[in-house]
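Listed next: structures, encoded as structure tokens.
Next, two complexes with subunit A in common: one pairs it with subunit B, the other with subunit C.
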Partner chain A sequence: MPLSTQSEAGDDQYILVASLDNVRNLSNILKAITFKDHALFNATPNGLKVTVEDSKCLQANAFIQAEIFQEFTIQEDSVSFQVNLAVLLDCLTIFGGSTVPAVTTALRMCYNGYGFPLTLFLEEGGVVTVCKINTEEPEDPIDFEFCSTNVTNKVILQSDSLREAFSELDMTSEILQITMSPSEPYFRLSTFGNSGNAHYDYPKDSDMMELFQCTKTQTNRFKMSLLKPSTKALALSCKVSVRTDNRGFLSLQYLVRNDDGQICFVEYYCCPDEEVEEE
Partner chain B sequence: MDCMVTGGNVKVLATSIHSLSRIGEELYLEPQEDGLALRTVNSSRSAYACFLFGPLFFQRYSSSKSSTFRCKMAVKCAQAVFRSLSSLEKTVERCRIQLNSEKSRLTFTLHCKHGLLKTHNLSFQDCESLQAVFDKESCGNILRAQPRLLVDTVLHFPSSLEEVSVSVSGEQVCFRNHVEEKAEQGKAMLTELSLTAEEFEQFTVGCPACVTFCLKEMRGLLMFAESSGLPVSLYFDAPGRPVILSLTESVLEVNFVLATLSEDSHPCNDNRNKSTEGLQNAAPPDDFMNDDIDSYLIAMETSELAPGGHGCVPPPPQDANMGQLRARATSEGEEEQSEEEMGRAPNKKFCSLFFGSVLPTPSQVTNLTLRSQEVLASDSENEEEDATLL
Partner chain C sequence: MKFRAKMIDVGCLNNFTRVVNTISKLTKTCTLRLTTDNLFFMLSDKVANGGVSMWCELSQANFFDEFQLEGVSAEANEIYLELQPEYMSRALRTAQNAKSLKVKLTKKHCPCLTLAAELPSLSSASRLVTHDIPVDVIPRRLWQDFKEPSVPDFDVSIYLPPLKTMKNVVDRMKNLSNHLVLEANLNGEMNLKIETDLVSISTHFKDLGNPSWSDEASQGPSQARAPETMAHARVDIKKLQQLLTGQQVNPSKAMCNIVNKRMLHFILLHEDVSLQYFIPAMA
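Showing the complex of A and B:
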């Protein structure tokens, strides 16, 4: 029996069905968090949250709201499964991921519940591909307990300006040091590499600075290798919010506009590398 | 030292550093009274490049009055300050360079659009002054052209080509790829371009000659010349004597001094006797003319060497001169070149083999090993010679 008929017949047995006219709206944002293979998918009536973690120190979340999908039907309050993200992305771009705007791949993503594979129907120009990806036992994501009430410093920048800095960062430096302060240097990125050190200072009154709320001088170091993947999200985004809490944890929130002008979010949490004496 | 570069000059400065990075691995920075000098020398010490930015190039320039302080650093580090040449013009408004010898700190501060401030504190090493001794004015042949002409000419040669031969006669100049061994010439592809005198802004041929030098360094200079739009002057005379590529502007002087192959290894010179005559005729009374590249190389080591010292250097036999230059290029290259460099610029000998045919025959391979061994041997002999020269 052809696979397509099987699925057509049992549509109501799926506990999750999500359809997209343009698969790039999903694949692009997933690329922004692709740094480890295992991704936890959590669907609620509000939408889809995809979580990837590294070394128990870094967590990336991509949020795709239900409204982004042309169809988003969920039978339970919460559905969780884990798949190999690299495999999923390969499937989503199985038609080559054409960048020509007129040519789009449509997607219908279905999940039957615990123990079932994730089924993808991809259609482009009348050709349909059906992919079944085995799901894995979902692991509980780490709770970084990053709470907005504990945020000491927050800036919102246009991504362009940060993109330039990140593309130039001295990768021989093991750490990226972020200084946020109500006084000079306000917002500073520092690297300490083989060739010496480098500082990028953003004044609080810069055109690129949309919001500047710093209450206390904080200097924290983060592993460059952990922060490197976040440049993928930065590349896609138009704005980025940088926040640190009283423990020195870092939250990076990226506002991403998709092909259709809709807004999605990507979020990175990162543990500080070590405490630095405050100046 | 404390200086400030503004506007389009930031890009000129950045391009010069990128251009120097094509030649050597270390950047020598020396604030002089007559401007800021940026220099480099390649690992085989067969090419030297110098950019001198006059005080008027800067919006503000002050060299430290007290002592002459100079330093060197990996050119990569300085390059990292100006990573993207294309976006530089749009983003950087001004650049301040401070050299604080007490704090041992070289600071590049880039003031960018939107108030973004980039500060690079580079580590550096103290060093001797790097100074090649050369005399453009004594060269018999001077060709000056717009950079475009030379860029278009060089474009025809494959990027893998290591050396190019330039020969001049009365009314024309000919660029051709240099093929190493006479025996391989039958198989090698030859590319040759002739340009007539009218194409040049200046075309002075005092002594018809054919010189062969590395193309890589010339490309480095052309990259800068093209970006700045300044005409390039070529000064040279006899094979074995350096060719000087030069750009001059009121606030900027650029000199690239490249070693050339000496006559014996010149397959392109069929009229060798004629050109030798030319050389003899053109030789000025100055002893400097009889000098060979070795003396330049020695002179490069330190500026403390008295210029008069050259007078007593006996001109070594020409073939020894050739052997040494070649040997330095191959043996040092093998030791010092990093892996990626090896990938880009394969061993000289192999390069010419690849030109001859895709795969060397077993006999060629044997020849090759024998040859390189010979050359290496001559290197050690010449080291003794070096000692006597010094």
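Showing the complex of A and C:
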């Protein structure tokens, strides 16, 4: 590790040190949740969880397990801080974020504790960049109380199939309506836009459908503007799990494979827009 | 006054196009000075362009197969034109695969630099595309405004790292800040730094090497200088980005001279083309 000599002496003072040989393993997954500037970082011995929220209706979490990092040392049970995500991403991609596999940027990320900046050491081809990002007061994330025991309906899809649907969605529609049902139409995405209504149906025995567990017919509407950021995660992922609970809350879990073939998760929680009036 | 020139070689045409494209990315208007041996694209440091100045020198023999010039008079055998390089760049775009390109000074409704490209065609009839680029002929009494800038009395001169790496770094920094500090020393080290309320970033390049200017004008302070002492200049990040983004000359040699707290002087060399770019420091 070219960076290991950088700050060996001062490592004890850091309550968190995380190193990556390939910074893309972090920057890519952070891009999947970039829709607001403020990101809450929570590190535990298990790894790093990054949370971004919008309008108290949408929450995105990215999980990067400790094993993904070449080094992950944490002195406390839990370390939290908040930083500007756009700034962090500019720092992580300071060398351009090359997609050429032979050229990788190494990262060493250190945090001294409350009130200190987040320090990044980045190295590519012998050039070293040091970034000190000022941290903000961490705000507690919203608990969506999305509990797997309350899940009414769940499907797991190949991301390809959902990507195709999302790329063709009528964005003039203010809402996306998701219908999940044990009987026809099983899994349906509907839009109501300027040029008419559109429905995308997925049969439950399709090759794209890895798992189909729907117990009750549910139709929920979600603001298109809130769901739009999740397409960034969809673009990166290979599988997606779509779940709704008894309150109609939506959980989207994306399985993302990084450059080294390791698996990370991104999840989005979204509140339903309104009750559908039964007629 | 008379000027006509002809270019046949497609490699020369490509090189020339790249130079003009670079110029057009750096400035809206510039002065083209024609002498019997050289072409110069110049921008003098007026307040209107943020104090940036530019000097690009091409040897005509390396581009043109025919080159006829009759200047203002026998003793002042030169022509100074003011033009918008963007127009020239656009004209050259249509001339990409031309069999030949003729450049001449013409008098139409106004003075024009006329670029006539003969394009390849399948039939025997040739296809000719002509662009008239309006120019202002600069009278002789104003020529003194366009002297070749002397190499400033710099504190540190350093070779630049690969410009693509530097561009990537400066692009990101531009997202975060309006100003950038470039500093370097005689140990071949150069740093790019920004500092804002949100973040401070410094990128360190090393082993770049320092050009030797022993026979040149600049001695004095740099001679006695401690090798690790940095000379720095704080500049408008957009001006630097413009140079790094706009340059298409892919220089074989690129260097920067720093006049401490005063100015950055960039020199890009590619074969016979030399481009100099001056960015003044800010307070």
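Keep this in mind: the second predicted complex is superposed on the first by the 267 of 279 C-alpha atoms of A that agree within 3 Å, B and C clash if a C-alpha of one lies under 4 Å from a C-alpha of the other, contacts with A are read in each partner's own complex, and residues count from 1 in each chain.
Heads up, the rule we're going with is that contacts are C-beta pairs under 8 Å (C-beta built on N, C-alpha and C of every residue); 3 or more make two chains touch, one makes a residue touch a chain.
Bear in mind that the values here come from a model prediction, so they are computed numbers and not experimental data.
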item: When subunit B and subunit C are modelled together on subunit A, clash or fit; value: fit
item: Which superposed partner A:Y202 touches (first subunit B, second subunit C, both, neither); value: first
item: Contacts of A:L255 with subunit B and subunit C, given as first, second, both or neither; value: neither
item: Subunit B versus subunit C as contact partner of A:V127, first or second or both or neither; value: second
item: First (subunit B), second (subunit C), both or neither touched by A:V87; value: second
item: Inter-chain angle, subunit B to subunit C through the CA centre of subunit A, in degrees rounded to a multiple of 10; value: 60
item: Touching partner for A:S161 - first (subunit B), second (subunit C), both, neither; value: first
item: Contacts of A:F95 with subunit B and subunit C, given as first, second, both or neither; value: second
item: Smallest distance from any CA atom of subunit C to any CA atom of subunit B, in Å, after fitting; value: 5
item: Subunit A partner contacts - residues on subunit B that touch it in the complex; value: 73-74, 76-77, 80, 83-84, 87, 91, 106, 114-123
item: Touching residues (chain side subunit A, partner subunit B) in the complex; value: 161, 164-165, 167-168, 170, 194-203, 205-208
item: Of subunit C, residues touching subunit A in the complex; value: 161, 164-165, 168-169, 171-173, 175-176, 197-207
item: Contacting residues of subunit A [partner subunit C, same complex]; value: 84, 86-87, 90-91, 93-96, 117, 124-134
